[in-house]
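Chain lettering (A, B, C and D) follows the sequence in which the chains are written, and residue indices restart at 1 in each chain.
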Amino acid sequence: MKPAITLEGISKSFPGVRALSDVSLALYPGSVTALIGENGAGKSTLVKILTGIYQPDSGVIRVADEDVTFPTALSAARAGVTAIHQETVLFDELSVAENIFLGHAPRNRFGLIDWKKLNADAQALLQRAGADFDPTIRLRDLGIAKKHLVAIARALSVDAQVVIMDEPTAALSHKEIHELYALIERLKADGKAILFISHKFDEIFRIADRYTVFRDGTLVGEGLIADVSQDDLVRMMVGRAVGSVYPKKAVAIGEPVLAVSGYRHPTEFEDISFELRRGEILGFYGLVGAGRSEFMQSLIGITRPSAGAVRLDGEVLVIRSPAEAIRAGIVYVPEERGRQGAIIGMPIFQNVTLPSLSRTSRSGFLKLANEFALAREYTARLDLRAASLDQDVGTLSGGNQQKVVIAKWLATKPKVIILDEPTKGIDIGSKAAVHAFMSELASQGLSVIMVSSEIPEIMGMSDRVIVMREGRIAGRFDRAELTAEKLVRAAAGIETQVNGRAA
Amino acid sequence: ENKKIALVVKALGIGFFEAANKGAQEAAKELGDVEVIYTGPTSTTAEGQIEVINSLIAQKVDAIAVSANDTDALVPALKKAMDRGIKVISWDSGVAKEGRMMHLNPSSNALIGNMIIKLAADNLPEGGDVAVLSASATATNQNTWIAEMKKVQANYKGINVVATVYGDDLADKSYRETQGLIQSYPNLKAIIAPTSVGIVAAAQAVTDAGKVGQINVTGLGLPSEMAGHVKSGASKSFAIWNPIDLGYSATMIAYDLINGAEAKPGAELKMGRMGTVKLDDNNEGAMADPFVYDAKNVEEFAKIF
Amino acid sequence: MADAQISPRNIPDRLEGRGVRLLKSWEALLVVVAAAIFLGNSLASPYFLDPWNLSDATFNFTEKAMIAFAMALVIISGEIDLSVASIIAFASTAMGYAVQLGFDTPALVAIGLGVGLLCGTVNGLLITGLGLPSIVVTIGTMSLFRGLSFIVLGDQAFTGYPESFAWFGQGYVWWVFSFEFALFLLLAVIYGVLLHKTNFGRAVYAIGNNQTAALFSGVRVARVKFTLFLLTGLMAGLASICLTSRLGSTRPSIALGWELEIVTMVVLGGVNILGGSGTIPGVVLAALIMGMVTFGFGLLNVPGIVMSIFIGLLLISVIALPILWQRARRRLAH
Amino acid sequence: MMAKLLLKNRELLLLAAIAVLVALIALRFPAFVTVANLAGVYNDTSILVILALGQMAVILTRCIDLSMAANLALCGMVAAMLNAAFPGLPIPLIILAAMALGALLGTINGALVWKLDIPPIVVTLGTLTIYRGLIFLLTDGKWINAHEMSDAFKALPRLELAGTPVLSWLSLLMIALMVLVMGRTPLGRAFYAVGGNPHAAVYTGIDVGRTRFFAYCLSGTLAGLSGYLWVSRYAVAYVDIAAGFELDIIAACVIGGISIAGGIGSVPGAVLGALFLGVIKNALPVINISPFAQMAISGTVIIIAVAVNARAERRKGRVILKKAEAV
């Protein structure tokens, strides 16, 4: 069979990093190729080269035996390459139809945009993507899942032979993921060549036909999925075997540390009550959008609950701001690292010490020596890789940024640490490191809350699990009674429907 | 060594002051050993003038003759100049007494105040509503003239001053203020603009509103700028003193002071071809009477200033 | 050396020494520019190198610089305050009004600073309380504060400030050093310490670089920003005292158009207009540069507007230079 | 229902506000609401409308143009100088020259923003002083007065077509053109995309820098046109014309609901914002409010407008609880 598109000898450097060196890839019609690699292996860079956003330093792209170049995103689309990118690339203030057709809107004979045709075409595309809503509404009025469908419709709006999906399931719930699988099957049947990027192996084994593995910007293996096992892939990716994936230590669970009772918020959540004990890892499971982050953020004073009480070590606490939460010993490692976690533009050591300044300084005046000492201590514990401590965090790779963010919170010496999706978008090697670290924290007597949407992670790491659905607690499970099925049922609300609640 | 006399104006580029500069240069040529530095800020602000004055002090000029943007704000800077031995006079628009040695009025304030209302009244035998369009609300000379005008208003029966508005010596603002006047006072018969910027803008606004013949624009203006409006009938007549003479006289007085003349009440200072000026109790003196321009003579003077 | 980089447990604190960092900094560039202008001025005019003349020249920038220090902090935090010049006018009007009521110097100073703080509070409440964008809020309060002065004063002026009040704008501390210049130096030190040596300063940088992450890290974002607007208000009040004292009178049009000059000073000083970086020494140098440019050109009787062309060109080229330099270096490296 | 519609649509809200304002004025001064007078107010606001349209395009792309008023002044001066030097030159040619110069000045802004990546506010803060300074260098600070301009030069904006001056017609034409550009051309849509999400725009094949560049060209061209209109209407040209007007233009845009953060705004919004300011400016002298109160009033209006717009812009929170959604 002839490939739909071929890349040969592609290299790409950024100042200080060689993101891709001499990699090759071929995508075949009617087949799904999975692209696998650690964080920073160069996967997204390759996607951007394929879609005209970056230009390769060397190498050729070949479509139908012809050498082509993609100087802009538009030229790639014209050559039949389309992509759902890792980042959302949509426009909140524009209508759904316009989001789909921005850059290649149908025009009338005066060269002006033909709105009527635009809306009609958009409607048709949405239907094909399995979505049925009015294309004239503004994007900002849609929920996250529908937005994702718009992104898919946009990818379908160009008549493409090659469809690229860069971690398309990261923001989708169970049901939508299954719809996406169905769509991929249909595209396959239409003879499209599909490049599928994911860190989730269950997905890869479910839908991919072939695989390609990158490590540090080089190609380290390719072949048919049918010929490999998960362990083989991991070994290719990381260059070694990864030991126990969920290194949960047995810890003696102590007395209650944090007790939350009757937390509620007018629109986001209600009736949240639970206890957290010393040395415990409490998992919070739920589908994306279940309101877990919202609730956790209310615990540290970002959003204000309308009712409810928190007791820490038996004392009632009122927390109005993150500053107060930190002082009380409750810290939150946020989900969105780029927006809420790292302060890009500031040096590593200043990032680490920001919440602990009151300890490193003397009566309001900075003591740089103390700051460096603190930063050195915690970054060393997390095995940070960096050239120096006064380097801008923005120059670090994603995984190392996450380490700086975690170091920042640990340096405050908390009693309770809340980790929101701590391994989201992190490769398998770093993931194991984070998990090992979490276990160690618990064994040192810290109490940990771990928010995660990944069932294996929840089952592997938690002593107890609370499941949330639509802002309420939908189930509580001990480690002993935990099964994947119970979690999914509780999260999707299958039991409550039996009880016959009007919907 | 040449004597350095600085002619500081409200802002560079205003036709009136350019003409005054001409006069100052004429005086310098006549005197022979004088260099005139013509300077000023770019817009009519006191802070700008202070910066200019500071740099003149640094250059150790011999005299500063200033037309002030603000009566009071320049005083400290000018005092400092006098402390350093620089002769300071104000002309056209005055500085408070303690900030200068003498002030040269282009004409006596009372005469000007009377003149501007008389120009309006002469064309209104039956009387009627008139309004005043002034320069900025902080301009010293305009305020003085308007005050003088109000003092003698009673002498002109039937003339009713209905409003005073401010165009800030900006063409567009003056234009809009005039439009406002035309709308608010349907019976308006004349607009008095004792400022060369305002009078032009007002005449333009009256023309645009189609009120030529109904509303007469008068006040103080430059013949070169007003010639067109006199011809169109928007302005029947206006007055001004000769700015060339004013710049000439200010330079001459400054020179006289440099040469040791003393400015005190009753003293007479030399003004070259303009004669002498006698100082009153406030150390102020008047140069000459304002001169009236109308359709008969405006063309001739338009060529000069 | 290479080994140190590989071993993860031995990350050095700093990659470059103090000297190298200083040399590469924006301030180094400004020092060169300042020196060049100083030299140019001394050659161009025989009057430039005179202590009294230089002392007079400082009045061209001291009041603006006082505000520029506080403005630098506001801009580093990612906001802007365009109402400062109007606060000067309003505070000056309040002081003038108080003079008419018979208040004396100490009360006037208190009123000037108090009104500045009050205006800062209004800005702060609108911006941090209601979460409105500072650029438009302060365009609004810019009209409002000066507008209030116009309502109070109309075409009038307040004069008759007490003798003792004149000291703030006209007095000398020692020899040629005026009170204003001494205050400028003192404030430079205070703001330098505040921004570079305290937790508060660190919070300002954190907010400017990533406001959300700063909030999550326990920085009291609203409180810090509110304080910054209070500080600019206070500095505008202080500048108002100095300027009013120097002019000896109050008109509503006082300090018209200063806001853009102050922002120019701050940006020329290397403060990133988008927030997140900048230093006080940079602003001090920019103030000196702008002061020397206006004074030097003034000595040559060059009109003010020509100076502003020069400042405009300086602003764009000084910002463009490092960008072009980096590009050229990258091209060479390839 | 009506109230809800009003609250949802910024432009309607603003229109209602203008209507209320005009009604209030009419209470004290009925003559203000005659058709002729309102047409006069519109005519008087025309230049601001044209400028606000240009500024809107720039602000939509998350930039700002502080140099518009200086650009206007320079182009106006050059138009006047051309006319004074060659009185025979046809007026359309002079207008074209003014627009071309405006476009060039806009291009300089745009190129600095695009090619050198200097923040827009810094670029235009710099060119603001440079452009105005150039007028001074060009003229030595001298004014060009009415009598130095040809009659044809001054007459064009005042010329009445169907009872309405050409000045008003020109601004209406510009509005129509901008509606077309913003709504029906890829460039217009690109303005929204670039301001709304510059990062995503790259992925859609839109060149962010180039789009901003075109926004500046557009605002420059409109400033050039306004330059001629201003100078011929007020029949005078000097260094300081329209000084400080840049803030009025931005205020008009802000009142018109154009978000300073980019990506949000519309042509009707910009026009209504300009008209709102125009009505206030024209009405205050008429209803005998002290001219000194004018500034404070427009400041208050701007603050209120921002607060209202911010309220309308505030995203309705994502509602997780099903119960709450039903309410």
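Keep this in mind: contacts are C-beta pairs under 8 Å (C-beta built on N, C-alpha and C of every residue); 3 or more make two chains touch, one makes a residue touch a chain.
Composition by chain, UniProt nomenclature: A = D-ribose transporter ATP-binding protein; C = Autoinducer 2 import system permease protein LsrD; D = Branched-chain amino acid ABC transporter permease.
Keep in mind it's a predicted model, so treat the numbers as computed, not measured.
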Distance-maximising chain from chain A - centres being C-alpha averages: B
Between C-D and A-C, the pair joined by more C-beta contacts: C-D
Chain centre separation (chain A, chain B; CA means) in Å: 74
Length of the line joining the C-alpha centres of chain A and chain C, rounded to whole Å: 43
Intercentroid distance (Cα basis), chain D paired with chain C, Å: 30
Rounded Å distance, chain B centre to chain D centre (Cα mean): 36
Contacts with 2+ other chains: residues of chain C: 154-155, 252, 257, 303, 305, 308
Residues of chain A whose C-beta touches two or more other chains: none
Numbers and ranges of chain D residues touching at least 2 other chains: 136, 141, 239, 292
Contacting chain pairs - touch in the sense defined above: A-C, A-D, B-C, B-D, C-D
Residues of chain C touching chain A in the complex: 5, 8-9, 11-15, 197-202, 205-206, 208-210, 212-220, 276-277, 330
Chain D - residues contacting chain B, complex: 29, 31-32, 37, 40, 44, 136, 139-143, 145-147, 158, 230, 233-236, 238-243, 281-282, 285-286, 288, 291-292
Complex contacts: residues of chain B adjacent to chain D: 11-15, 18, 42-43, 137, 165-166, 170-172, 175-177, 179-181, 183-184, 197, 200-201, 204, 208, 224-229, 302
Interfacial residue positions of chain A with respect to chain D in the complex: 51-53, 72-75, 77, 85, 87-94, 98, 102-103, 105, 111-113, 115, 140, 143, 266-270, 289-291, 294, 470-472, 503
Touch list for chain D against partner chain A, complex: 180, 183-186, 189, 192-193, 196-197, 199-207, 263-264, 315, 317-322, 324-325
